[in-house]
Amino acid sequence: MIQRFLFSGTGGQGVITAALVFAEAAVFGEGLNAVQTQVYGPEARGGSARSDVIIADREIWFPKVLQPNVLICLSQLAYDRFSPLVRPGGVTITDPFYVTRWQHATSRALEIPLHETIVALNGGDGLSIQGINMCLLGALSRLIPVVSPESLHNAVERRFPARHRERNLQALEAGTTLVRERVTTF
Amino acid sequence: MIQRFLFSGTGGQGVITAALVFAEAAVFGEGLNAVQTQVYGPEARGGSARSDVIIADREIWFPKVLQPNVLICLSQLAYDRFSPLVRPGGVTITDPFYVTRWQHATSRALEIPLHETIVALNGGDGLSIQGINMCLLGALSRLIPVVSPESLHNAVERRFPARHRERNLQALEAGTTLVRERVTTF
Amino acid sequence: MAVTDYLRRRFMPHIWCPGCGHGIVLNSLLRAIEKLELEKNDIVMISGIGCSARIQGYVDFHTMHTLHGRALAFATGIKMAWPLLKVIVPMGDGDALAIGGNHFIHAARRNIDVTAIIMNNSIYGMTGGQHSPLTPCGDQATTAPYGTVDSPFDVVRLASAAGASFIARTTTYHAREMTRLLAAAIEHRGFSVVEVLSQCPTYYGRKNDAGDAVAMMEGFRDGTVRIDRKTAETSDGDPGRLDGEAAGTPIGLFRREERPEYCEAYRRRVVEPAMAAGRGESETP
Amino acid sequence: MAVTDYLRRRFMPHIWCPGCGHGIVLNSLLRAIEKLELEKNDIVMISGIGCSARIQGYVDFHTMHTLHGRALAFATGIKMAWPLLKVIVPMGDGDALAIGGNHFIHAARRNIDVTAIIMNNSIYGMTGGQHSPLTPCGDQATTAPYGTVDSPFDVVRLASAAGASFIARTTTYHAREMTRLLAAAIEHRGFSVVEVLSQCPTYYGRKNDAGDAVAMMEGFRDGTVRIDRKTAETSDGDPGRLDGEAAGTPIGLFRREERPEYCEAYRRRVVEPAMAAGRGESETP
Amino acid sequence: MTPTGTVTPTGTGTLHFLQGNEVCAEAAVYAGMRFYAGYPITPSTEIAERLAWRLPQVGGTCIQMEDEIGSLCSVIGASLTGLKGMTATSGPGYSLMQEAVGYAIMAEVPLVIVDVQRGGPSTGLPTHASQGDVMQVRWGTHGDHAIVCLSASTHQDLFEIMIRAFNVSETFRTPVVVLIDEIVGHMREPVRIPDAGEFELTERLLTSVPRDVDYHPYFPREDGRLPMSHFGGEHRYNVTGLYHDMWGFPSDDPRVTNDLIHHLMNKLENRKRDLTFTKEWYTDDAEIMLISYGASARSARHIMEDRRAVGMRMGLIELQTLWPFPGELVRERCRQANYVVVVEMNMGQIVHEVKTAVDRPERVFLANRVDGEMITPVDIKHLVRVIQGKGI
Amino acid sequence: MTPTGTVTPTGTGTLHFLQGNEVCAEAAVYAGMRFYAGYPITPSTEIAERLAWRLPQVGGTCIQMEDEIGSLCSVIGASLTGLKGMTATSGPGYSLMQEAVGYAIMAEVPLVIVDVQRGGPSTGLPTHASQGDVMQVRWGTHGDHAIVCLSASTHQDLFEIMIRAFNVSETFRTPVVVLIDEIVGHMREPVRIPDAGEFELTERLLTSVPRDVDYHPYFPREDGRLPMSHFGGEHRYNVTGLYHDMWGFPSDDPRVTNDLIHHLMNKLENRKRDLTFTKEWYTDDAEIMLISYGASARSARHIMEDRRAVGMRMGLIELQTLWPFPGELVRERCRQANYVVVVEMNMGQIVHEVKTAVDRPERVFLANRVDGEMITPVDIKHLVRVIQGKGI
Amino acid sequence: MERRIEVNRNWCKGCRICVAFCPKNVLELDRKGTVVAARPGDCIWCGDCEIRCPDLAITIVREAAS
Amino acid sequence: MERRIEVNRNWCKGCRICVAFCPKNVLELDRKGTVVAARPGDCIWCGDCEIRCPDLAITIVREAAS
């Protein structure tokens, strides 16, 4: 088994933390091997954000994801750039608040209203999207049978300091529920 | 023709300037080739001073004097160290005020009372030896038929700024006279 | 010219994070230059490395992005070689005073006609939130997880002791004053230093629970006291220390004094006499 | 112990020129150490490169001859690693304030317990007479054949602005006072700076017609005014500037103040809490 | 927490999911490093960040200096007093450290420098992959010298290599450079931090000369090692960057200087065997031999496994020691190969050493990439096809 | 004043008796250098001292900076504005300059750096002879790069080499290192400073793009040259040490970065022929070929003349270009020699390049000396006897 | 003289600085997090928003009436 | 208490500093340029020579009378 994930979006959404927690859940929760890399740089200032995660039950040598099995895009720019790379039979996950899809041919496409969900959860003015990344992971755990919700739950507990833990667990939970209710799994 | 000179003494005596002026006199006055090198370094602070001059009527490649034809020592240390190096048939020039000779075998030895001469010239308390280096050159021009007194005279004029010129010319003159009167040339 | 006409618009929006104070410095600086009615071609901007240093990419002047901490050394060469240029050097607090501290004090000592803008966000922004020589003692940073133990420099005092002839401090909250001070600094003949307290909400703010950009700017508004230049200069000659210090960080113009400018001094006292004397024939130096 | 018992006698006489002021600094320093009754093994001397730096070869302590300008950085590592040692750093004016200026202001900022002795002969002695950042404007040097155009730093003011907690200035003429000040500096807990005006008859003296060593020391005698520490501290807080400045270079003790010392602060505020808390299991910094 | 998967590292200790930079930090602490000084620079900063948090927990010191020069100088000072010391940086910072590197070599100070490479020259590509500093590590400081440089491609190896770096530096009283790259530095993968005692640590060889007896800090024993005495401790001596005699005092006596430079070179060049660390796959039957190191070796390993699966006789030497270059070993192993392909992310640096080492330099090829992107297994495959005359 | 001796240099101009360092200064002024910044260091300081006096006489600027880093940085700045710029230093200072050297390479800034070598590593032997910085010049800064390095052994050659250094730097928009040594730097011998016009000077190639038309500072012409525009003048553009596009703005587009690094390397490596300066004696019939440079070449020449006088077929290649290394030429010339002896004052640096270049590396020997003393003709003679199996 | 608040929506990063420091509460962020002049009628043309915008995204346009 | 002026003639470099600053004109340079106490009887044991000698060549020896 080897699965390649590409998490992408803009700075501030926390997609890199999402990738990291996801990989940790695979390692500590599922006993799998995982490698995570990300793009650094001045671009990371307010610009685009990208992280690659490979999860496998064997050694992983080349650590970059050139062609993802699963592509997650939380920005139009990321979608425009990465969606052509998805492997045949792969999945592209987007949030319709951020991304208008145009790519249809090679990959299955799933739209998940993460933004809407998290805004509702945060009960805010529509501007606070804190937790959207954990919400994404909750959804992912339902969509891609690699990392279980329990492993993710543990990974979140492990990663966040006490004062942020609860909030993130809620967001995770919201993501799980969201998929159960609103997205058809495959 | 090739002649190798080794000027040595202690800091403050100006042996390096002597070597330099001597070489310049050879180049500009006699139309000869000359290469001058010297030993630099923290040792030059109050310590020993050494300068090599090679004068020739042809190209000079290796610029250091390993075995001088003419060795000039104005300190005991220098004498002890360098006198064994003099070429067979070479000359060792010392000032009895600074050096007690012990080397007899291979080279001709000349003692010149430069210190005495310059102290007398400076009319001082025996402590100012300014000009002893030019006095040495004056003597050299009489002893070693490579650089003429006139060439040296011109070189001194060339090298020193106006305010020091006269004093140095006098010292040079004193050296020439000294040899004429007190040392047997060869 | 409109302010945005001084921008290289094709690179906008810039790379800085939302609310980054460096953008306000850019904003004020362009207004200062507009006010002075300078030609784009008369201005050279030399920066080092850091978020702050990236300002140079956005201004439509002659621009040079150099090495971390070394901008003032590059600027010294440029200014000496071409004294008519207006040379502006934007610097981060790390750039100016950590790795670049020596060039800073020496530029001040020489009083070379260069304007140094120190964009002080109390943090290394570009590398992700390490403490800087201007981070207040006790503050959090990624390399100070137990709080910094280092004391910060006071830029005004350091610049003053080193010899800068124009010294001011302001904040991004005081954007109008910043424009005025930057204009005055650029006009000043000699080494001018303008320290601008600038917010880095992304690292300094987050690490120190200082809130968002707005909260940090409110902090600048409430945590500073304006000095009167005359008072500052006559009371004690030490522009950094104010009786009012307890009340907050002093801001305003601390020093504006005439001292021989370096390029000018070199021309008058070295080049002109040397050229006049011509070359002595055989005389060595 | 006799003063010369602190010497590595086998290397004497030392390499300095006749009349070099650096020897007087050596002399006074050994007397200060004798007065403090320090053990040879408790003292570490770290020097850079220069005539002044060569002092370290002659003292029978733990000695280290490092790189030009970097002695304080080496000293910082040694002191942090072994805080019980007395660390003394003799520096030339070039060593301390040209290439080494940054380490100097940062050591002062941190207030690390190190004693910096700046042997200020206004020239680069070791390399043969180039001007230094302390050469008075207009003076001659081999690299300033038309006279320097640079203005010098005022070490006292710079050290003060950077944060040194003990600052004094003296001269080789005032050898007794030097001994007293050096002893006080070594005893002080924090970064202490003692600037000693020292003659280089060979280069500075010769180039500037300043006469021999004696004449230069007479210049120190006649060209300085002693300050009263209290006056210096209260009048304006800026220790370098004196009303009496016109009368000559102020000498004496300019500042002695208690500020948290760096190694101590690091131990108390970082190491102790961190060790007490132990290592969080999976918690990252 | 033991992983149930097949490949995550197993053994005693604890499992972590860390960046390579964090692994460097943890391994250094494991190796007994207790003094770190550094100046932040991408992509190495996480080393300092983790140590700022980690070192005080074990009573160590972590200080952020004013620049890279000051960083290395203070590490040298601290190391001499008896602490194992380290700094970390990237290309630009390493360039600045060159003078102090020479000092550490001359004064024979054990310490470790981690260089996490980024794209160069100059500011270059701060957050991108490159292996352009290999030759700089060998030759960056002025004057003749020898240096030890180690590398690693996986986090578990990196952990061990860091410990070896400290061991080598203590054994030979020499600075050791651990040269990794942005990929290895920033990548996260599982790594096991072993329990104390699993790795042997080389502690400082201290002199047995008693207090008040003449001690020679620079008098090598027969085996080339020089027992130390904590600077500031029992024995007073001198340390200098000048040529010096066995007491550490400056000397320009030609015999002394000649001996010293030969000692400095020979203590490492003559002990290559103790300093050579490699990993080898199929070197016995490889027709196409890959030689690589650091992140590139991951791509090399990838394509090698891939090609062997289709029956191609490909092998791989992963160099963990770059300097002193293990030329003998490389010649030996490459003897039967038809082609040697050096995989590195630069314009060709180690490839020159390989060419010099092997019997048939004309059979040595370079698979490289210099655009800031990690070299891919496919890049290597393409080159191999070209070598074999199959076109791309 | 024309000399009447047989060998002092003849021709137009004036005869001087100068130190090599002073020759560097005078030649630089002749070449049109008008901005010097430096920091004193033995054995290079006389260059700064002479220029402090000399440059203002011709309207130039000579500034003493706070350190070597600042020196090179300010020269880069000044050069970009259109002045020919230079700095001089020795090993320790050159180590400190490494980061800025990389910047000059990346930003393609013409300038000249004189490194007057002293004994290294570290502070080493400040006033003694050495040629230990050769490899540092090639590889000292981080990241891939190419560099030009010239050398000379006599003052008359040095004068010319300095001019070539400026010409090459202007032609290729690249820093050029002139690498001499303590002996050549401090030695005085006669030198003729020619009248203006005797040497052709390469002036900066300026863009023909008119004001207000888009100018590309980093767009190479077909011949690899990049026309410049005085920074601060008619065209506004950007200069950076990051990888950049043809306008000088940062880019990490892999195509852009890949092209740039290849351009930086190729503009020099592919033009070796224009950059190769050598002097040759008896290369047509030499059985024993000496290869040397700098002061060592004087000893080599000495022993060669001496041995030829007794009938030995010895020849000499004096390398005036060290980098890019003229490997082709060396291979060519050494083809018929039985032995090749590289004469240098270090532990063997250029000898490795020679071994790589020639057909039979096992016939290449090193005659060296590393004790701070100048290598003597007798040292070389002894080595040759050993090679010939005659014993010492 | 005609005046209006011009927002460059491509440059605005939604930092709220202009919103917070507008003395008349004229500005607001919309759902996408970009500034809009919600109550332009209240504007007193003080320019405080303009000078503090880190993204140079706000301009108070002052045009002579046509 | 016995006192005497001790000159280390191997260390003295003849700089004259002690000579110049001796308040009682006790010291002199000899023909070789080395210090001698020419008028020891005039010495007031102030130690000024001792503390200013750059070569640590003068010591005022103070010994308890035997």
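Residue numbering begins at 1 within each chain, and the chains themselves are lettered A, B, C, D, E, F, G and H in the order written.
FYI, contacts are C-beta pairs under 8 Å (C-beta built on N, C-alpha and C of every residue); 3 or more make two chains touch, one makes a residue touch a chain.
It should be emphasised that the depicted structure is a prediction, and the values quoted were computed from it without experimental measurement.
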Task = From chain C, count the fewest steps through touching chains until chain F is reached.
result = 1
Ask   = Using each chain's Cα centroid, which is most distant from the centroid of chain F?
value = G
Message = I'd like the Å distance between the centres of chain A and chain B, where a centre is the mean of that chain's Cα atoms.
response = 86
Request  = Please compute the C-alpha centroid of chain F, do the same for chain H, then give the distance between them in whole Å.
outcome  = 55
Query = Approximately how many whole Å separate the CA-defined centres of chain D and chain E?
reply = 38
Query = Where does chain G touch two or more other chains at once, residue-wise?
reply = 13-14
Ask   = Residue numbers in chain A touching 2 or more other chains?
value = 41-42, 46
Key: Sites on chain F at which at least two other chains make contact   = 42, 49, 52-53, 56, 66-67, 69, 92, 99, 103, 122-123, 126, 128, 240-242, 252
Inquiry  = Give the list of chain C residues in touch with chain F in this complex.
reply    = 11, 40-41, 44, 46, 56-57, 60-67, 70, 73-78, 80-82, 85, 102-103, 106, 266, 270-271, 273-275, 277-279, 284-285
Message = With touch defined as at the start, can you tell me which chain G residues reach chain C in the complex?
response = 10-11, 13-17, 20-21, 51-57, 59
Key: chain C to chain G touching residues, read off their complex   = 2-4, 7, 12-14, 16-24, 26-28, 30-31, 172-173, 175-176, 179, 212-214, 217-218
Ask   = Inside the complex, what are the residues of chain C that reach chain D?
value = 98-99, 101-102, 105-106, 109-111, 133, 142, 145-147, 149-154, 157-158, 160-163, 235-238, 240-241, 259-260, 262, 265-266, 269-270, 273-274, 285
Key: Touching residues (chain side chain E, partner chain F) in the complex   = 69, 90-92, 94-96, 98-99, 102-103, 105-107, 117, 119-126, 128, 130, 132-133, 135-136, 138-145, 240-243, 252, 254-255, 257-258, 261-262, 264-265, 346-347, 349, 352, 355-356, 370-373
